[in-house]
Structure formats: structure tokens, C-alpha cells
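You will see two complexes here that share chain A, one where it goes with chain B and one where it goes with chain C.
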Partner chain A sequence: MSRPALLSGLSPDDRPTAIAGLFILVILAAGTGYTLSKFGNAPLLQPGYLLQQLQIGAFLGIVAAGMMLVILISQIDLSVPWTVAAGAMTATAVGGPWAIPAGIAVGVCVGVVNGIGVAYLRIPSMIFTLGVNAVMRGLMVAHTGGFAPQTTATDAMRFLAADRTLGVPHAIFMWLAVSVFMVVLLRRTAYGRAIYAIGNKEAAAYLSGVPTRRVTLLAFVICGVCASLAGMLLAGYATKAYQGMGDAYVLPAIAAVVIGGTNILGGRGSYLGTVVGVILIVLLNSVLSIMEMPEAGRQIIYGLVIILMLLVHGREGGA
Partner chain B sequence: MSDLGLRLRQNAYLLSVIVLFGLVYLLYHLAHPKGFSSAVLVQNSNEVFSLAMLAMAQTIPVLMGGLDLSVGAVMTLVDCLASHLLVGTTTQIALGVLACLVTGALAGLVNGCVVVYGRIQPIIATLATGAVYIGLALFLRPTPGGKLDEDINWAMTNALDDFAGTVGLFSDGLPAWFRPIAGVPTSLVLLVLVATAIWVPFRRSVTGRAVYAIGSSEQAAYMSGLDIKRAKLTAFTLAGLLAGIGGLFLAIQTSSGNADIPQAGGYTLSSIASVVIGGTSLLGGSGSAIGSIFGTAVLKVISFNFRIFDIAPLLQPMFEGLVLLSAISLGALRMLRVKNQLELFR
Partner chain C sequence: MEQFLVLAGVSKRYGGVRALDNVDFACNRAEVHAVLGENGAGKSTLIKTIAGVVQPDAGTMTLDGKKLSLRTPQAANDAGIVCIFQELSLLPDLSVADNISIARPPRRFGLIDLRAQRRRAEELLAGIGCEDVNPMMRVRDLPLSRRQMVEIAKALGKDPRLLILDEATSALTGADVERVYAMLARLKASGVAVLYISHRMHEIEALADRLSVFRNGRHIETFGRGERSPDQIVQLMIGREISAQFPPKPPRAEAPPMLEIKGLSWEDRLHGVSLTIGRGEIVGLGGLDGQGQKELLLALFGVLKQVSGEIRIGGRRKTIGSPADAMTAGRQTGGASGGANGGQAGVRSGGGIALVPEDRKTEGLMLPMSIAENLVIASLGALSNGPFMNTGRERVAVADAISRLQIKVGRDSDAVHTLSGGNQQKVVIAKWLMTEPAVILLNDPTRGIDVGTKQEIYRLLRELADQGAAILFYSTDYDELIGSCDRVAILYDGRIVRELEGCALTEQAIIAASLNLTRTEPAHV
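Up next is the complex of A and B:
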């Protein structure tokens, strides 16, 4: 397959990021063309709109950051939906200064359970995290009685998620902080190298002296913390926690990671790609809703875009 | 005799699942006020059927070491299609059923093409095609609705004598040979029919064996001259067909169509759980669709029991999760005894 000349100079790991970036421009251009012809203005190109999209993207971005870590070691975390909800519900229920630490603790607990099941009992993560998700759901349903909890987000949560400094929502800073952490972790630490090594060949990583079990456990803990953090921010943004608030995050998070060029079988992928993948998905959703696309059309376009991006990335794996 | 012993040992896990199911189901009937009656059996069988179809559908890609995240979506698509087509004269309904089955198989074939020719990992390819199928289902049924033919609903979701009565098989009284089986649920008969008419021949065919071989080692299967592409295309098509049958029955059972996205996701995840409980390895290469049927049965019968034994409804989801988690953890405890960690990596 011949590649466009523009992309040929890039390393294989950066190419998906560049393609996804180009696709974001295409989405923005298409959306702007639509609004120009329909309403005669271009709201999509205004900083206010873009900042708002980034604020919405921050929740997905933080979930995707944790998910990427788990995908890099060729596992998956399907317990994210109710970890998001449980983090938010616990934080709002505890309230006061301990709200956020309590939410984080929920994420750590879920991550430890997932990690023990996957790393020590060697149960496929696909099914184990699914079971953990079911238990979390059951716990939350029993805790709230099946209704939306009456508690509201604390001021600190609202400050982190919804308030703005110089017009920039704080949620974006949170995403930025998580991103810096992830980049340093993946690029600059032995732990990051161990992650990629396990994703490529776990047996080889083990023989090279990598404590594969501990690395895997920690990856699930980080993923759980990211999910509960996103849940608390989401509760701060919506001022309360509610049932099923995390359901809309797991599949888009996986899609964002994969669109960004991370191999679903692990071992390869750059964090920047995941960020670009998140922005792509958020913008796509937003532009489709501006175009007043019905839910049916959105789902179809959503699916086709994922397939298209993967086909363009170069066909790999499987065979 | 040694042959029988070997077979027993090879299927020890499946047998234990069947025994577990039998015990829990016996408990259910003993505790149920109307236990051991045809009515209860019919109700249970109807509730199990669609998920059992999805579990069978899921088994085939899992045997190849893949995963099909679109089974719930295919079921929903066919469900919505059936809610439009299964009305009118007998001929129209028959054609409608055929169209539904073809749609399911086509959706599976598309999955197969994306996986084989697009060379995209099955899990992510079916995640994407699943979104497309849900979208199509939403086009067909933006809001839940539709009214299926009442006769087909009655005939398929009751016992065999109701089926015979609706179809008009025995106009002059039930024959003697029919009476003992008159109380058997029609959906149970259908389940056995699908298992014997679709799964067993597939399992014994060259393509079916190729599917197992791919799951064990795709390279070795390729080197042995097996037609990998054809096996994958057939496998996904068959999975689509089975998911389509599940959707068709769901439409008949509920007498309407509903493009319910959370429901589709829930069915997909439950189908994976059923496959695992049924003893099929998520790594591929070993297991069977028959096991998955019993996996579904175990999963469902546990929630049946919740209704009987006054467990607070609010606690039920938690117990369901705990049962699933402990079921999959039990078999894994031996991992802690493995001395050489290298043996764990495959």
C-alpha cells in the first residue's frame, strides 16, 4: 500500500496519530462547511466551543489514559463503567474534605481486585473485569436503593470539574496533569518500559527480570484510579452522581485508544495518539449533533469511522 | 469401556457444569410453588433461549481466539427487522423469517470480511460493526413498537400441544405418542434442533475442525494447508446466523421490536460469561457450543432462584456478580500452586 508523501517521513508509531489529527481537521472542516451554509456562521472555530469540547473530552480522556495502560499490556478493563459510577457515588456520599480521597480509594480497591484476578489468578481480563463490573453495579444498586443518590458533589469536585480560570475549565488542567503523568510514566521510567515489554512478550519480559505480576497489578490500579477520578469530575460537572453515569465511557475509551494507534494486542502505541483519538471522538459526536443527525445515523458513522481509521492505519496483526 | 472412560475424562468439566445446573434447577423446582410443571418449564425455556443462541454464536469466534462484540447488536437488528416483517399471511411470515435469518447471516459475513480482508482484530472490528448494526436497528425502530402476528407468538412461546393446536397438526385429537411430550416447551425443542442441525454438523466438518485448529495455533493451521480465510468467513457468518435466530425469537417472544442499546450490550457481555462458564477457553482452541448452552442455563437458573428465595431485589445484581466472579475464580486457584511461572505464559 503506498503511503501519502506527507506521512512517509514519520515513524510507524506516529503515523496513526498524524492520520487521526488530519481526520480531526476534516471533521472540523465538514462541520464548519455545514454551519456556514446553514446558518452563515462558524461556531466550531471559536475558542469557546473548542474549550467546551475539550472540557467534555477531559472525562473520556482520563478514562482512556488508564485504559491505554491496560491495553498496552494486552489486557482490557471492562469494569470501568461502574468504577466511574462508584467513584462518583462514594465521593458524593462521603462528602466534605474526604470526598475525593474516598473516591480515589474506590478506584484503588477495584484496581487491586482486578489486578489480583488477572495477574495472580491468570483469569482472562475480559471476563474477570466483567465480573468485577457486575459486582460493583450490585454494590451501588444496593447502596443507593436503585435510585439516583440524593447527595451532591462537594465544592472541591465542582471546582476541579466545572470552574474556570482565565476562561479555561479546570477539567482540562486535570486532563493535562494526567497526561503529563502518563507521558513521564511511559517514556521516562523503568515501569513504562516494563509495560511495553510485557505487551510484546510476557514470557520474555519475565525472563528479563521484570516483575510481571506487580507491573500488571499496578496498571489495573492506575486504570481504576483514572476511572474513579473521571467519575468524580463528571459528578462535579453534573453536580451529582447518577446510576449508569459510566456506561457511555468504556467503548469510546477503547475506541479512542485504538484509533490513536495503540495495538489492541498490546506492546505498541503512543500516548499522544490516545489524546488525539479522544479529541476525534468528542468532536465527531459534537459535529454530528450540530448536524442534528439522529442517533441511528450517529451510531453508523461512529462504527464506520473506527473501521476506516483502522484500515488506514495499515493492516496489521491477525493475518 | 476405556473409550467411554476417556470421553468422560475429556468432558469432565462439561459434565460438572451439567451436574451443577441439574442440582440448582432441581432446587428451584423443589422450592417453586408450581414446581415440576410444564408452565414453569415453558417460562424458563423462553427466558433462556435468546441468550443461549447468543452464547452459541459467541462460542465460534472465541474458539478461534477472537471475540464477537456485535452479537447483541445483530440480535437487536434482527429483532427490529422481525417486528416489521412478521405480520400478514403465512407466506409473508415465512418469507419474513427467512429474511431475518439471511440478515443475521449477512451481518456475520460482513464481520468476517472486515476481519479477514481488513485484517483488523475481531474484538475491535466487531465493536465497530456492532455500532453500525445498532444504528440500522434504530433506523428500523426509532422507538420500541410493532405488533407481531399473535399466532406465531403463541405457537413458539408455549408448550408443544399449543404449537400443534395453533398450527393445526392434529385436528382429530392428540395421538397417543404425542401425549407424553405435549408439555415440552416449543423453545426447548427449537434449542435442541438448532444445536443438532447447525452446531453438530459444523463441528464435524472440515471447516469446523479448521476453526478449532486456528484457535490452537493459526500458524500451524496455515502450514497444514487449512483454508484459513474460508474458515473465518464461515465462522463469523454462522455466528451472525445464530445471533439472528436469537433476535428472531426475542421479537416473537416480546411481540415487538426494540432497538435498546444497553440491552444489546448486556446480552453481548452475558454471552461472553456464558461461554466462559460453559468451559470454552477465551484463548481459543477448546470448548463447544453445547457447553455454552449449559453455561447460559447455569447463569439464568441462578437468577431464577433469586426470585424464589426471598433475596431482596436490590441485592440480586450483587449476588449475580459474585456468583459469576467466584465461578471463574474457582478454576483459577490452581494457578497459585504452579511452581515455574514460565508455564503460565502461553
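Up next is the complex of A and C:
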């Protein structure tokens, strides 16, 4: 296996993370070079700007955390967009102290349905979760009558998403909490071992007594909860829930997980990589808009970067 | 008789194994030629070589006086060599007619002529007495026996000059077998050469004009029908020196039963299997490949659904619905603590069933994961405190397992696929020993493993039995069954046809029972 000298000494799991990290520096350097030459200042390196990017990244990051779990067991969850929206809409509609528990409950329900469909009925997750997404969308449209809901986010939702302590937005703490949970789950628990085992070879895991169906069900539940949590935070940040608020999350979440080095076929990947992948995607979007790149160009560059990162990882995976 | 197909000095190696060793072989036109041999004697490789599926390392083949060089199965078909393999080659979601004409569909204006294709399927099916099969049906919807007949019709559609049947009758019902016999008689009359592989002696006696015996990749002898008695044929099939060394068998006192199986049935693969294994006993499962041995092990381990019959462990009746159930089946107190109250008490799952599966690469191991992760995967509950892994105890358990089985590893964090086959198998076994099972099921555990590791595994099994485990051990290697088992149960067609023990446990007896030669024997014991 040939590898860049700079990256030798890293374990295969950490290398994609390091590469994505280097790429983040490249993006920042390119963006700063552009602003320096054009405006004579470097807003990209201001703490305020970086914190704002992390706040925006927190929503994507929480969605990607759940998605990573599902991808690690060789599945996919395409019901994320309307789980995000349904979590947010339910929470704002319920309001009061029960807003957040109600939103979480929506995530649990979607996860249970997905898990039963995939693990017990053995329907391919790509189809099943897509169907669940459509059903959720229908339910929400029926619920709101097709208009944007009039209800607004509760104070607690706003506190968790938009308020700041010592200048740091609380959404970042939420992301941090989810991240700690994920790292412990994947590295330190029997459940985490089972996740990697199933992703590597489901038959071997099953024949080793791993309760593969329960593990799969729980992965979808965690993914659903993450999505609904992200939806509620997003509603808190925007002060209200709206139709289609989750549409911009599913593909970037998958991209972030894969850019971070998680094998799209499951079984391999570290959580830190997913965090770095999220930051890369958020920064890339932001820097391209600062550089006043037209929309078409932004889409092309965004797509090319994802393909480039995958090519780099794919070559390592083939070794 | 003119010689039609002639092989001279053909050899084929797979790694260190000589599958074919300097084989000279010939078969004639208008003749059914049976090829006999034990599992692993080289029959399959012989056929694959003739059918162009594998290329020989050395030697020449001539067909009808012309030298043959077959790079692909298609080239063999073009030369008139058509093979019906035991694994069906049909595409289940296409129609019967599509399947029969898959390689060369009749065309009209460059497009497939569906009507002609259908007619052709009807003709071919009628030729083997299967007019009742509708050519427009999907193959998936046909019963197994009919699928096999479609496979035969497909082969006949290629106008064979040499037809090879490899266990082609194993899935057939009695009536279909008769149809195949009639078809073979007609082919023979029209001058086609037939190579016939079967484990069913009475079929061979009924069909074959000449017989060839293979052993250890060598062609031992060819003779005409009736020139040898079945006993002599069996003797020819064995006749090899016993090479592996086995630990001595201790004299057995009557042991309390650990595993009792009563009337176990599953689909049409297991028919009322009853067997009892005592504490400290090693029982072998013998018989030819595919007589239900694997299914029996999988049924005991909870992998198969809708198994009927009764399983008792340590005298208690158990319902085993999944491998997870099987692993905890021996636990004396119902669902005591579920492994949640960790700490020093050391909640071992202990006393359940373990299965060393057939294919270690896809069923036994997660190859890209580390040796340590593979070793502990069946013991996650026992090595956790609540939901959290106890990394200290985990390290100790991994180190113990590696030293106990003398697994040759660099670091236990290396991926398990970096190990040799023998060491990989040791990881699978060590993984299960960590659960302290009361019943150990093994599915051909020494396949593809070097002799040294084999001997270590035999010694280990005896050691585990001496510590009180009940061991059920399927092997395709008769030496191994005789050398390492206290008792061997022979399966034939999903039934135990005989149990052999003590001095009755000979290779001769195993083979005779495997071929179900004494057909007066009751169907179950």
C-alpha cells in the first residue's frame, strides 16, 4: 500500500479524517487568500465567523451522527428530511414543557417503524425509509393543511439552539453532547462492537449470537432521535418550524459520513471523521458563497470535492 | 469401442492440495461411464477440467482424436461437451423457456424469437417426459425436482456429444429419476458418451457400463459393470494410509446425557433425527456431503426456522429460536440476571451451545476486524458492566484465548485476515471456548487446514470432552471421524441410518453406511 509520507503512521481509520482535516485548512487558506486580495481583510479567521459555522454545522452534525450509525450497519436512512421537519413541527405544535419530549417521541416512532421494516420484515432500507419519508411528509401536510405552521419555537428550544454562553452558541454544546454519546457508544459499549460486527459480516455476527435485529432496530431509533433533535434545534434557531426544513440535510449528512472515512458499505469508520466531514461541508459552502461563486459553480465544486474525497478513500479501501 | 475422450497425465493443484495427480482417463462413445470416489477424491475437479471450468496445470485432453484446449465452459460446449452440475445454473426469475435458450436464443430479424424459443423448450421438455412443465413459468415457482429436469433439458438443448451429470439426480423424485434413466438410454443408443457422477451405488449399478474409481486425486482403476462387488469397490475407494495422529480415546463409562435430540425434522432435509450425546462424549456426523449434516447442526443452533422435534440440554427441554438462544440454552436459572450486574461476580454466559460454522471466512469471522474484536464478539455480555465493555477483563480474556490455543499472532489488534487459515480457525474456536459452552457443534472444522493445526484441534476437542463438554462434529474426512470420535452417526437423506462405535467404527463400515448399501436397515435408529 502506498501512502503519502505525511500520513504514514496513522491507522487506516484515522487517515481519511486527517485528509479531510487538511482539506479544511486548504479551504480556509483559499478563502482567506481571496478575501485578502479582494477586500484586504480575513473574516474567515475571526472566532465569530468560525463559531457561527460550527453553530450551522451542529444541525448537520447531529443528523450525520445518527446517519453514521445506520451506515455502519450497511443500511441507509432516507426518512431523515421529514423526520427533521416532523420533530420540529410536533414540538412547536405541542409547545410548553412537553415540546421537546414530544419531538423526541416522533423521532423514536419513526426509528421504530424503520427498524421493524428493515430488521424484522427484511425490506431494503433504501426503499423502506424512502417510503416512510413520503408518509411522514403526507402526515405533516395533512396536519398543517399545507401552510407553514403558525406556532413558534418554545423558549427552551430557542435556548438550546440560539442562545449563547460566553459567546458560544448552545447548539455547539448540543452537538458536543451528541458526539460524546456517539464516541462512548461506538468505542466503549458492547452495542458499539455489535454495530461494527454487523457492518462487517452480518452472518458471522448473527452466528456469534449478536442480536442483529435488535441492534439494527436501535440504530434506526437513534438515527430518528438525532434527526428530530436536529429539527427542534433548527426550529429554535429559526424561531419556527416550516415545511421542507429537513430537505437540505439528508444528502450532506451522508456525504459528511463518507467524507469522514466511514465505509458506505458499513463496518468501518471513526466518529471523529464524521465531525470533520461535517465541518468540511459547512465551510466549503460558506467559503464558496463568500467568494461570490455563482450557484452553478458552487454546486459543481461541491460535487467535485465529494467525489475527490471518495476517490482518495476508495483507493485506500481497495488496498 | 472407440475411445472418445482421452485424458493423459492431467494434473491440477489448488495451493498445496493435489486435486488431480497425473490422471489418465478415457471414456467411450455410446457408453455410460460412472466415476466413483470419496469426498475430495478429485471427481469434481476432473469434471470441471473436462467442462472447461478449470484449466489443468499439466497434461493433455483429446476429444474424438482432436486435441482439446478449453479456456472456458463455452469452448467446451462448442466442442460438444455439456455438463449438468449439481448446483443449479438456472436463473430463478426468468422463464423456463428463457433459461433453456439462455446461451443461444433463436433469433428472427436479430431479435429473440419468443415463439421459436417456446417451441424449442416444449420439444426438449417433452423429450424427457416433462410435458407438464409450462415453458412460460418462472423457474423460481417450480419445485426443486422439476428445476433439475429443466436443467437437464437445457443441457440436452446444446446437442451434447459428451454429457456429464454431476450428482444430477440427487434432487430428483423417483418418477423423474426414471425419466432420466430413459433419457440416458436414448442418448446412449444415439452414440453419446455419458459421464455419470453419483454417490448412489444402486443408481450406478443400474446405469453404468463402466466404472472408474478415484482416490486422492488419482485414477485408481477402471472396470466393466459386474466385474467388482460393491465391497471391492468400497475397498478401492478407501485404500489409503491413515496419516493424521489422534489423541487416544479414553474408555467410556455410561455418561449422563448432555444433548438429547428427538425426532428433529426440517423441511425435506431432516426427517426425524434422534441422537443422544453424553457428557464428555465426541460424536461424529458422517455420510456423504449434503445428507442433512449441516442442517442438523444449524437446527440445533437455532438458525433454521420451523424445526420440529425436541431438543434437551442437561435434561431440560429447550426452545432454540436463534443463535443467541442457543448460546444461553444451558443456563440453569431461566433468565437470571441477563448479564447486567457485572463486576467481580463474572456473569459468564456458560453452559450453552457453540457452533464452529462451515465457512470461517463468511460465517465464522469478520475478516477486516481485529483478532481481539473477533475473539470477544460472542462474549460481549460477559465482558461488559451494564452497557459498557470492561476493557481490562477483555484484554485478559483475549490474552488467555491466544495463549490457550497457541494462536500465532503479531498484535491482537491486527486484522484477522492477516492470519493463516489454521490460525483463523483457531480464532473461531477460541471465540466459542470463551463462552464456556456445554455443547460444541463443529461443521467440518479442519477443512483446508494444515496437518499440525489439525492435530492441535483434535487434542483440544478431546481435552474439552474430558472437561465435560458434549461435542458433535461433522467431517467429510473419514479418518478424522474414526480417529477422533467416540461414536459416529451416519446420515443418509436426512436420517440417521446407522451409529457406529468401538471396533465397528471402520472406514469400510462408514462408507457402506454412507452409501446406504444395506437397504434393509430401518430408516431411523
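Quick note on the criterion: the second predicted complex is superposed on the first by the 312 of 319 C-alpha atoms of A that agree within 3 Å, B and C clash if a C-alpha of one lies under 4 Å from a C-alpha of the other, contacts with A are read in each partner's own complex, and residues count from 1 in each chain.
Please note the rule applied: a contact is a pair of C-beta atoms (placed from the backbone, for glycine too) under 8 Å apart; a residue touches a chain by one contact, two chains touch by 3 or more.
What you see is a predicted model; the values in this text were computed from it and never measured.
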item	value
Partners on chain A (chain B, chain C) - clash or fit	clash
Which of chain B and chain C A:Leu251 touches, first, second, both or neither	first
First (chain B), second (chain C), both or neither touched by A:Arg268	second
Contacts of A:Pro97 with chain B and chain C, given as first, second, both or neither	neither
Chain B versus chain C as contact partner of A:Gly48, first or second or both or neither	neither
Winner by number of chain A residues touched, once chain B and chain C are compared	B
Which superposed partner A:Tyr191 touches (first chain B, second chain C, both, neither)	second
Contacts of A:Gly167 with chain B and chain C, given as first, second, both or neither	neither
First (chain B), second (chain C), both or neither touched by A:Ala203	both
Clash-bearing segment of chain C, relative to chain B, as chosen among 27-35, 135-143 or 207-215	135-143
Where chain A meets both chain C and chain B, residue numbers	203, 206-207
Interfacial residue positions of chain A with respect to chain B in the complex	78, 117, 120-124, 126-128, 130-139, 141-142, 145-146, 202-203, 206-207, 244, 247, 251, 254-255, 258, 264-265, 294-304, 306-307, 310-311, 315-319
Residue numbers on chain B that touch chain A, as the complex places them	67, 114-115, 118-125, 127-132, 134-139, 142, 218, 259, 262, 265, 269, 272-273, 276, 282-283, 314-322, 324-325, 328-329, 332-333, 335-336, 341-342, 344-345
Sites on chain C touched by chain A in the complex	301, 303, 322-324, 326-327, 355, 357, 362-369, 373, 376-378, 380-381, 383-384, 387-389, 391, 431, 435
Residues on chain A engaged by chain C in the complex (per definition of touch)	184, 188-194, 196-197, 200-201, 203-211, 267-268
